[in-house]
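Here's the structure we're looking at; comments come further down.
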Amino acid sequence: MISSILQIRCLSKRFGGTHAVREISADLQRGQIYGLIGPNGSGKTTLINLISGFYAPDTGEIILDGEELTRRKPYELAGLGLVRTFQMPKTFASLTVLENVLLPVAGDGRSESLDAMRDAAFDALATTGLTGMAQHPAGSLSGGQAMLLQLARALMCAPVKLLLLDEPFGGVAPALKERITHTIRQINERFQATVVLVSHEMSTIRALCSNVIVMGNGQVIAQGTLDEVSASPEVVAAYLGKPV
Amino acid sequence: MQLLLQSLTLALLNGAIYALMAMGITFIASIMRIINWSTGEFYMVGSFAHLALLTVIFPALGLTLPMAWLLSALLAMGLVFVLGMVVQRTLIAPMHRPGTQAFEYATIMTVALSVLLQNGAIMIAGPNQYSVPDYMRPILLEDLEIVLNGSRVASGLAALAIILLFYVLLYRTSLGLAFRGIAQNRLAAETAGLNLKTMDMLAFGIGTGLCAVAGALLAPVFLVHPLNGAAATMKGFEIIVIGGIGSLGGAVVAAFGLALVEGLGATFYRAELQQLYGFVFLIGFLVFRPQGLFGHRERRV
Amino acid sequence: MDFELSGKLAIAAAAAAFLTATATSAMAQANATPVNIGVLTPLSPPGDSAAGQLIVRGAELGAKYVNQRLGGVWNSTCPAPGPVNIVKGDDSGLAEKGMAALRSLVTNDKIAGVLGTYDSTVALAVQPLAEQYKLPLLVTQASDDKISGNHTKFTFMTHTIARDRSDVVEAFIKSYGFKRVAILAENTDYGTSSGPDMQKRFVDGGMSSQLWIFDKTNPDLLPTLLQVKKFAPDVIYNMGVGAPAYLIVKQSADVGLLPKTPMIISYDLPIRPEFWRNLGELGKNMIFLSYYQPKQVLTDAGKWLQEEYRKSYNEPALYSSLAAFGNTIVLAQAMNAACSTEGEKVSGALVKGGFTSWNQTGVAFKQSDGVDWQRSVQPIMVLQYTKANQGFGDATILYPPNMKTGELVR
Amino acid sequence: MMPQSSMIDLLSATRKLPASWWPNELTPGVAAALATAFLPLMLNDYQLQVMWVAFYLAVLAISWNLVAGYGGMFSLAQHALATIGGYSSAAAVLALGLPVWWGVVCGGLAAALLGYLLGHATLHLRSLYFAIATWVFAEVARQLITINYEITRGAMGLQVPYLFSTLDPIAYFYLFLGLLLVAFGASAILLRTKLGYRIQAVRDDEELAIANGVNAARAKRTIFAMSAGMAGMAGAMYGHAVGLLAPSQADFSQMSLIIIAAVLGGYRTLWGPIIGAILIQAVAEMLRFSQEGRLVIFAALLIVVFRLYPQGVMGALKILATLLRRRRQAEGKTQ
């Protein structure tokens, strides 16, 4: 039985003179929640963009559940079970919240009718606590609610194999953080989905993640439990900006 | 040979004129991220203001100045600068509402404005075409058997001077620095403490003023009538695409390139396709280099 | 009884008196009812609104003339129904707008006839409607020969078609011994119908001729003119209308064609006051086609028009205005001749012909073969200015030979 | 636990779900069309002519609203696509000898094909460049039709056969009413299909749509081609209703009119283009005393309405409805 879900081999990406991601290799296990941490500019968002197909890598390959992703179009990835959220919570502002949640079902390559997925959509809304907003335009949501909406959409991308979350707690009211944590757990449990969580909040990382990956200067500099990596001298150096 | 030489000379003069025509639309597009569809109409308003100043108001005041045409053209530019700012503040700025795509809404507004100004001019100005007296006597290059229209030369030189002044404004003043910052990144510029409202208003005023001075300078060459702005709109759009939005140098190079392509194509191949040569040139850019000559690709995400 | 009877009689008499009075006043009112004549012409883009305005001016002055000088329509032999009134219909130069405007003129304004069409497309589109409504349609300035070639009962044409102009220009050019003719035609119905026709004529006649069609919205004609220069013509025929006509003159000078090469402007643009303001010295020696000349003896109506036009607009009337004026008074005369405003009768009267217009030629619509079906041919003159700022009246008449007043100045 | 208001929302949400292919907007649309079908009993020829031209303009405005309003592609070629539809139909009828109805179909298909190719070439461009690119396409089409006058008769106008043997505007009134109903119904249904959601999602946020599995490029191309086909078919019918084609139909002033109609009525609304087109025609007829000023007044009207209510007449109506509802609720409370 293969328990590995995502394999990254020698992934690199340059922007002009800056080497945003350099030769990263990693292997993520099915059903785990990973924390992806590192100082600002260490390449976390670039890595997410590479895995989700928004950037084409200069070198390297990404394999999701045995499928090579690098040659896939970004929109095909959702159908393969790879779902991501954005740092600035994005919504389809002129569609209603309900329509937002149903949108993945309207994506290319999905055969279910919108009608058949209605109950699932309401389930997703209930999980994220947005039921009362179903008929409101998504543009009227607060930042935290919009983040929850992203997760509700993720629930509709079933079955989710890999969920990439870019700063889901940034600027979110404390009351909603609980909801977000709860939803992430739900997705993780329901689909046995692997979650990669980029965050600066160590308390939520500690609460959610079994494993932590630390990036610094475009490379993975440490991996392990939070306690293990906190003890690593490279990590301390990267955060404090001192040479090793 | 003589034909080629003459064609090249004329293309060079046209290039300067096209550059001035396009400067305003490019500038507004780079700052405000909208297309000013009423570019041609501000050009037309400028030409009428110039006509009125030069042939009615100056004589009525008993003004007889050397280079009165230049003064009059600059006054026309000033008038339209103010008009442009008023239009921006009252009609275009309010369209930047949250939740709307500013580009579409502002563009629709300028389309409506162009219909209003054009047909208003038809109503007010009537059916005739006007011109102003030539600015300079024709220049005869006898060895080459080339005649140059004095007004073309004068307006071409004035155009170059204005472009140079505009260059100084953009690259040697703090206001220019602010404009360039906004053109790069509106959000960052706002965070840096620039008042985008005021800057947008100024940018629209300057852009329309540049269109207007083009119309004024070209009054003896391309005449004054309600529909004379069509060429300015057309050249402006072509040059925006070829030169790349936000690049002053790109616009100037594109203007000369366009004038050359059109001039040579129409002189040495079929003349009735003149405007289509420019379009083909432009389509080439859209397909192979959509960011234009000096524009930069925007990073996504 | 008696009282009752006389009472009844009195009431009856009073009623009769009342009825008579009402009827008379109603008739008086009916007499004052204006006869509406429609002017269907381009007054907004994409149509050529400049031309449309001139046509409207001519038609309105035509109505004024009919009312002041002819005493309205049905003035002599029939009980007069009243003055003529002009109703404008804007066709924007578009066929569909023209149809709607004509239907509006018929339904809302109950027009008794329509004139003014400027674009051939509009004329061709409304022609079947005029048949349907039995409405006399006087085509003022559309020049496609299909219009008269369609042989419809209610369409009448006073405008020159490609062939007429070609005839005159060809005869003129031949008589002065020109051998190489450059034709510059705009890409409107005017240019694309006459330009190729004329070039073919010249080539068939053993001359050398080349045709350039240019876009009306393109203000930079220098490349075209450089080709013209390479062709080295001994005469240039300028078929621009409005702005392009001026631009051809100005830019011909820029490439050195003017003042060496004679240039013919295809219509009477040079008689306008802004001609000299716009062109100055360049206008010297300009040859142009005109449908009249001030020294030519105009009819009383024509003289009246020029005077009134100058009073109203402070400039001489151009052909567009003259033609619309002529159409208006011809239509009024036809109504008078028919003693009716019914389309059938008016068009019958029009075919009988014999109307006064602004020039001495008069107007008659014979049902001749081909393109001369119900078309009144107007004489065309070729004039030339010989000095800068010359008055229109002082221009030399070069053609036709029987009106010639001087020699061509090169 | 759940507050009462959100329970109500939930219930109404369940009702308003995109469950059925029959969209809510379609019922009043069909009702209005049926009511309109009786209008010829009251209207004269001229009014019928004005109405059918309004319907034609409404169809073009609907097709433009579909790409620009719902699809976020600010195209400026709708008038040219309609013109191309007209000339393609003329080619099919005059050169190939096909029946007029087949010509109309050919016109729609030709415009759809060109629209697809144009979309393929330009849809990757950013909004500003895309607008200019489509404008260039329109301008090239206009100039080519004008220049090749030996084939198209250029500005002299190409005479084409009428669709019906009669010139009676009643026939064309019903023809264009039918076309309008089809165009309205098709867009109402389309917006409730998966493709409709895809394109609206792409309009709101292309990246997010892609991340949710939407092939944005394909959705845009498809909508663009459908809208072009709608315009082309309308243009072809127009040609056979007027009996004449001319390059002036591809003049930019016609595009301005389409934009004014769609935006005045209500940008990004289903009813807006129809209301706008009819309003424009009605105002034009009321302004018959000032024909030259017609476009000036339209433009001024658009500027004022658009400035106050960016959602056009539909937006103003919505605000009015909300105010009325609030007042009624307030009255209900006081009683």
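As written, the chain order gives the labels A, B, C and D, with residue 1 at the start of each chain.
To be clear about the criterion, a residue touches a chain if its C-beta (ideal position, glycine included) is under 8 Å from a C-beta of that chain, and two chains touch if they have at least 3 such contacts.
These figures come from a predicted structure and were not determined experimentally.
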Closest chain to the centre of mass proxy, which here is the mean CA position: D
Label of the chain whose CA centroid is most distant from the centroid of chain C: A
Geometric centre distance via CA averages, chain D-chain A, whole Å: 41
Separation of mean Cα positions, chain C and chain A [Å, integer]: 75
Residue list for chain D, restricted to those that touch at least two other chains: 143, 147, 207, 253, 292, 294-295
Shared interface positions of chain C, touching two or more other chains: 44-45, 49, 53, 187, 213, 215
For chain A, residues contacting two or more additional chains: 54, 93-94
List of chain D residues in touch with chain A within their complex: 2-3, 5-6, 9-10, 12-14, 16-20, 194-195, 197-198, 200-201, 203-205, 207-216, 218, 268
Footprint of chain C on chain B - complex, ascending: 3, 6-7, 10, 14, 118-119, 122, 126-131, 133-134, 138, 145-149, 152, 221-223, 225, 227-228, 230-231, 234, 262-267, 271-272, 274-275
Residue numbers on chain D that touch chain C, as the complex places them: 44-47, 49-50, 53, 56, 143, 146-147, 149, 153-157, 159, 167, 169, 238, 241-246, 248-249, 251, 253-254, 285, 288, 291-292, 294-295
Residues on chain C engaged by chain D in the complex (per definition of touch): 43-47, 49, 53, 88-90, 92-97, 99-100, 103-104, 106-108, 119-121, 124-125, 128-129, 132, 144, 146, 187-189, 191-193, 213, 215
Touch list for chain D against partner chain B, complex: 68, 72, 74, 121-122, 124-129, 131-133, 135-136, 139-140, 143-144, 147, 207, 253, 256, 259-260, 263, 267, 292-296, 298-300, 302-303, 306-307, 310
